[in-house]
Amino acid sequence: MGGPRFIKNQVYGWLLLMPAATLLVAFTHYPAVATLLQSFFSSGTARRPSKFVGLDNYAYMLEDPVFWKVLTNNLWYAVGTIPTSVAIAILMALWVNERLPLRGVVRMAYFTPTVLPMIAVANIWLFFYSPDIGLLDQVTRVFGFHSQNWLGDPDTVLACIIVMTVWKEAGFFMIFYLAALQSLPHELEEAGRLEGASRWYFFWRVTFPLLMPTTLFVLINAVINSFKLVDHLFILTKGGPDNASSLLLYYIYEVAFSFFDQSYASTLTVVLLLLLALIAVGKFTALDKRIHYR
Amino acid sequence: KTELTMYYPVAVGGPLTEVVDKLVADFEAENPDIDVNAIYAGNYNDARIKALAALKSGEPAQLAVMFSIDIYELIEQDAIIAFDDIVSSEEDKAWLKGFYPALMENGITDDKTWGIPFQRSTIVMYYNKDAFREAGLDPENPPQTWDELASMGKKLVKKAGDGTVERWGAMIPSTGYPYWMFGALTKQNGQVLMSGDGATTFFDAPATIEALEYWKGLGSEMGVMPEGTIEWGTLRQNFLEGKTAIMWHSTGNLTAVKDNASFDFGVAMLPSKVSRGTPTGGGNFYIFKDTSEAEQQAALKLIKFLTQPERTAEWSIKTGYIGTRPDAYETDKLKNYVVEFPPAAVARDQLEFATAELSTYQTGRVRKLLDDAIQAALTGSKSPTEALTEAQKAADGLLRRYR
Amino acid sequence: MSAVRNTPGRWLEIIGAWMVAVLWLLPLVYAFWAAFHPPEYATRFDLLAPLTLENFATAWSQAPFGRYFVNTFLLVTMILIAQLFLCTLAAYAFARYDFWGKNLAFALVLLQLMIMPEVLIVENYRTMSNLGLVDSILAIGLPYMASAFGIFLLRQTFKTIPKELEDAARIEGCSEISILWRVFVPLAKPTYIAFGLVSISHHWNNFLWPLIITNSVSTRPLTVGLAIFGAPESGVDWSIITAGTLLAVAPLLVAFLLFQRQFVQSFMHAGIK
Amino acid sequence: MSRIEVQSLVKEWSGQRAVDNLSFVVEEGSFTVLLGPSGCGKSTTLRMIAGLEDVTGGRVMIGERDVTNLDAAQRNLAMVFQSYALFPHLSVAENIVFGLKVRKVKRVEREQRLQRVAEIVGLEGYLERKPAQLSGGQRQRVALARAIIAEYPVCLMDEPLSNLDAKLRGEMRAEIRGLQRKLGITMVYVTHDQTEAMSMADQVVLLRDGRCEQIGTPDTLYNRPQTAFAARFLGLPPMNLLRLSRTANGTGIVGLGDQGAISFEADEGWHLGLRPEDIEFCDEGVPARVTAIDYLGADSVVSLEIGGQGLAVRTAGHSNLKLGEAVHIGWNPTAAHLFDAQGVRAAVS
Amino acid sequence: MSRIEVQSLVKEWSGQRAVDNLSFVVEEGSFTVLLGPSGCGKSTTLRMIAGLEDVTGGRVMIGERDVTNLDAAQRNLAMVFQSYALFPHLSVAENIVFGLKVRKVKRVEREQRLQRVAEIVGLEGYLERKPAQLSGGQRQRVALARAIIAEYPVCLMDEPLSNLDAKLRGEMRAEIRGLQRKLGITMVYVTHDQTEAMSMADQVVLLRDGRCEQIGTPDTLYNRPQTAFAARFLGLPPMNLLRLSRTANGTGIVGLGDQGAISFEADEGWHLGLRPEDIEFCDEGVPARVTAIDYLGADSVVSLEIGGQGLAVRTAGHSNLKLGEAVHIGWNPTAAHLFDAQGVRAAVS
């Protein structure tokens, strides 16, 4: 303790960290705290200055049916996107990790959604989902189904959003799985083959457990995405009909920038932060496990 | 040199940005001492957000075309000035009086004029004459009343052998601006949606509820329209593809429809129940408060330039929007155009029955309340009565403090 | 590797893999269809439909794509450079120095993995407007420059670099910073590439925050431009929208096609798994 | 039943022959070592026997069966990989019984066999650990146990000891050899370590560039190497090879003139092979000069320069020679090896 | 100028002493080996000399300078690491001149020195390659070259050969030793391989648990080990230690009764040390039974059982003994070592 190296560690450590830390504090930690504070004040306009209102905003939130609606939507959205995109990602990774005719093309196909901006492809999906003239309807009509108002029906609209999200995410997650698969020693698979393990058995007994760290990482990303991926709503539905496809972050945007109610937006943001904090706790334990795993 | 930044929205089809750019270029040519930076800012909502955001960030625009109904929000934010305060000359005052009064309704409150009509519309009924003929209806005689709309609509529906619908009778869009379409229906039923001071709404009035029931009925009971919501943005495409025989849409789409329709189509006033009726719609010019005297005058100059009869006529022809002033229709250009293409006058003629578009304090929220209620009713998750009563209650809660 | 013999089940899988690939490509395929055919074929599929480049011309003339390109390019480059610089320094501190409060600091950094700038749009907007930065490309980039993901990734990589290399450099007379520059940075190249690609594709595609913080053509990135250009309110014209979309994604798509092998490999070397 | 016969085996990698027409027989219950320098095709051969690699040509027979086209799983053999290939997420016990589970062996029987095998390899106390918690030698034992428990008559090992330190390597050598004898396993064992080959094998197959250089017992390979390559590959320090040439009077070591004359016939370009331990210092004989002395405790290696060629001599204990000293050396004629210009062993005549 | 003096060096890791009051001197231009089992503190000591590790106590002097608190970069010494620590992203040439570049040596001079050093280590043809494209021995040479080019008088090496195969190791040993002599470098060399220590060192520092067990020339360590630990640590197979006990008639090897009587005095719990190569088979003498024979080519190791204790004997070439055969052994009394109950060398009386 206290040797020359000790001093050096302190000085260099903090100096190197400083630039990044400043920005992090300015755009992550400070705003998080400020959001919390703002949620105890009313929104001000030029004519009515903002004032301390205690928990009023929270009370309003609890009574706000739209809030509850978007919260449940968001939970369903998470439930709908996470397992599906992860499962598809694993499947894709397994496929393109093996010898497969046209493997390069297939791998590229899986990955393209990652490169396409959500906001741009949303218009194309709008075409897919359009009643009567849309691709989906054109295809289902061939099979004798009635035209379906995919985005105009509260029963189907969220599912449509989910499908598009899965399409967007799966290929991205696939890359992580692919990297993990390729780093698994080839000999393990050979040992399995010598023992006569079927592909199915080997996947469940060996590959899948060994992919667990990746799965945790991907899962957490999927959860975060399910709270932050709202770009397509701007084009596809604007959260409608009757908020059937609205998500928390989209609602925050609406409240803040359409209704100009910064305080209520902050209140909603606090809820979002709390949800993410919960996930964060999960994430750290997961990361711990990961390290322990090596 | 004075520099002006102007935001403007587009909410209908066609290459409108080119038209605006050209008009602005003309202005600059005529006024070399003024530079205009016209920024297309998306839909009406986006345009308002952008303009106000710019305002707050200290790099404000000097003027903007924004929703005619943004007026209360803008006043509340203390963002705009009234034209009465900058208009001095008699000539200017006369100019101010030269617009269709119906179009001025949304721009005036507290006896002051805050917005000058620019891309203004009413809702009109586009219909596919070929489809009318095919259904054995008189293509020159579109539906005049709610009942006719229902009955003719039913005849216009075309089904394939297996029962799938190949063409619908009519479509009224219910995303984007559902409250606007609804404003037409209520007006036709003899009811307006809000009071003149923007502090009271009439969402649960019996006539309002009845209007929504009719709208919903077109889909669920009469089978004239598909159930669920109908997308504002793709509706024109549906119409052009022949997937619906009738659509209600902004007259701002007229030119885009005209340019792309591969069939014979007509335009008519909306049908009536108690009377005919439509809200006006579209965007007004606003001038922002945080501008210098010189800039204000330059902005005024620009606005005046763009509302000259000649330009107004040109604008109307290129888009389908209403010529905002009677004198525009006196120009040869527009006169000839109307003769050769009568639908161009329908929206203007309908002004006679027009009312102001829904506009209140807290307008974003209030509008969303009504939008949600309409969509809830149309998609069947709530009954019209239930949906509208709830919306009214919530609106009352929001507006109480403004009374 | 001995051939896994092709059983019927295996063929089913191959076909499955292809079908998913087709599904996944569908939006892009449609974009090509609609963009290269006249508008009347946008929603109708006819093999004999005539080809045209008209839509691209129209799209190009209707929105200042050129400007949007430049904006996005500036934005992405600026963010990337800043990220690489800041994250390198921070990751080096975390990987190689034992300073007081290190664990707490690291936890605070990781917090950003959860609380991304997307979530804090309201407050960050306020901050930007206090700084007078609203409607600037810098403002779009600032909240992302200290990337927790980047710090985390680089730290992991730095930690895998053998201590002996650092020792060797030290024996050879390197100072702290020249160790970083001469040993760590070059050795972490795959990580830089992988992170760079993720960052580029993320910010090339990012929408919500730029939408909020930009007001004008001179700052608006492609995504926001596209959203405004293709806003359904103005009546969806798929031919032109898809043409615009293709214009917008082309550079990234081409880059990805060219570099996909390196990309995947970098991912593996970088230990992003 | 478990005799292995490799017939004219060929393996090509994109046109390059990694294994080139290789044939040998491993008798039932015997221990055969595939020996050779890095890249000579040892692993490839082993993997073809295991069925992990397709053959380009030739056949592999196990017992009476032609297994060339069978899946690895159907060949009934066990294999130990160089890096052990233990499943990191499974406990030692689970790793060992992995194959039994795959083959749906009953739980009770699994347990019994596990106990027995764990005892044999001395892992009783470690069954619950994960591989990461074991030392190198213990991991090696788990891999062994996994190979043994199947009770297959054939076992293949690919450099199983190369990751261990010298001491452990010595212990494991004895252990593997003991087990193989005890269980009567037919073993094919790959290594590039000559000590392993010498001390474990019943038969050594020495490979070079995918071809067989020599097959025989360790004794044969050491004492009657068929080629100069084989001669140099075994023994440490390796056998000295002295260039010969014809002199006026017969044959002699290059560079020594008449003093290097030797008593037997050889052609230009031939080599005389002498193992370091077979050379003695004597008062008369071939003259040489001391260039280095390495004291190794039990013995020393003296490096000599003889007619411009280098030569290593092993002597017991300390050497009392000095650097630069002139000495004379000699050897027992029976200890001399002779290789022709192609490096093939020639008779000493 | 480059004499190294280590004075009462101490290093603690969270309270644990890894190096415990260690002192020794390395004379200028001499070759000192730090030898000891894994974990005994060799690397830690070396790293403290290099300045890569803070000392907990004691001093390091190089020449007349106290360098204890200087940075590694300021100590003017070179170091070669176990895994070579070559920079994988740099070519061979860039690796070698890395330090010169850091110290801003001019380009022309760099080139000259590079050429000279590349020649010394025989890497002329490889300068453009990346380390990954080199064999182990070549990499080792690059590491050497990097250490030499600085022309520092002191060089430290931490197990530089342990990643190489046996043959290469032998060659590199000679090479390093040769270079050190030629350039007059003061060398501190860490290894746990006794062969390296024996064949290279002028002086060996044998460590055990962070303390110095014995310092001396290889000869001294081998022939007069001061402790049983030192005796067992050097030699392969290691020295045999036979338990002794007092018998009615004096002293004897445990388990042999009268037949194990030996001619000198020893107490209960003492050990008799005999190197395997010092034991001979004879017609009369101590009786034993053959339990194993390992043929290693040049010699064989015969394992015996004697009075319940194990004993290894080294014989030249083949042994014609058979397993289980009863034999008799003897040894020259001067070859016997004696250790007391504490394992400390005792005089044979």
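In this document, chain identifiers A, B, C, D and E correspond to the written order of the chains, with residue numbering beginning at 1 in each.
Throughout what follows, a contact is a pair of C-beta atoms (placed from the backbone, for glycine too) under 8 Å apart; a residue touches a chain by one contact, two chains touch by 3 or more.
Chain by chain, the UniProt names read as follows: A, C = sn-glycerol 3-phosphate transport system permease protein; D, E = sn-glycerol 3-phosphate transport system ATP-binding protein.
Since the structure is predicted, the reported quantities are computational estimates derived from the model, not experimental observations.
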item: Chain at the geometric heart of the assembly (C-alpha centres); value: C
item: Chains linked by the largest number of contacting C-beta pairs; value: A-C
item: For subunit D paired with subunit E, centre-to-centre distance based on mean C-alpha positions, whole Å; value: 27
item: Distance from subunit E to subunit B - Cα centre to Cα centre, in angstrom; value: 93
item: Whole-Å gap between the CA centroids of subunit C and subunit D; value: 53
item: Inter-centroid spacing, subunit B versus subunit A (mean Cα positions, whole Å); value: 37
item: Interface hub residues of subunit C, defined as touching at least two other chains; value: 1, 42-43, 125, 212, 227, 231-232, 236, 238
item: Sequence positions of subunit B contacting 2 or more other chains; value: 49, 53, 176, 231, 233-234, 237, 241
item: Junction residues of subunit A, two or more chains touched; value: 126, 130, 133, 257
item: Residues of subunit C that touch subunit E when the two form their complex; value: 162, 164-165, 167-175, 178, 182-183, 186-187, 189
item: In the complex, subunit E residues that touch subunit D; value: 165-167, 170, 173-174, 193-195, 198-199, 218-219, 222, 234-236, 275-277, 292, 294-299, 314, 316-318
item: Residue ranges of subunit A touching subunit B (in the complex, touch as defined); value: 45-47, 66, 126, 130-133, 141, 144-147, 149, 151-154, 237-238, 240-244, 254, 257-261
item: Footprint of subunit B on subunit C - complex, ascending; value: 39-40, 42-43, 58, 61-63, 125, 128-129, 132-135, 212, 215-217, 227-228, 231-238
item: Subunit D residues touching subunit A - in the complex, by the definition given at the top; value: 50-52, 71-74, 77-79, 81, 83, 85, 87-89, 98-99, 102-103, 132, 146, 150
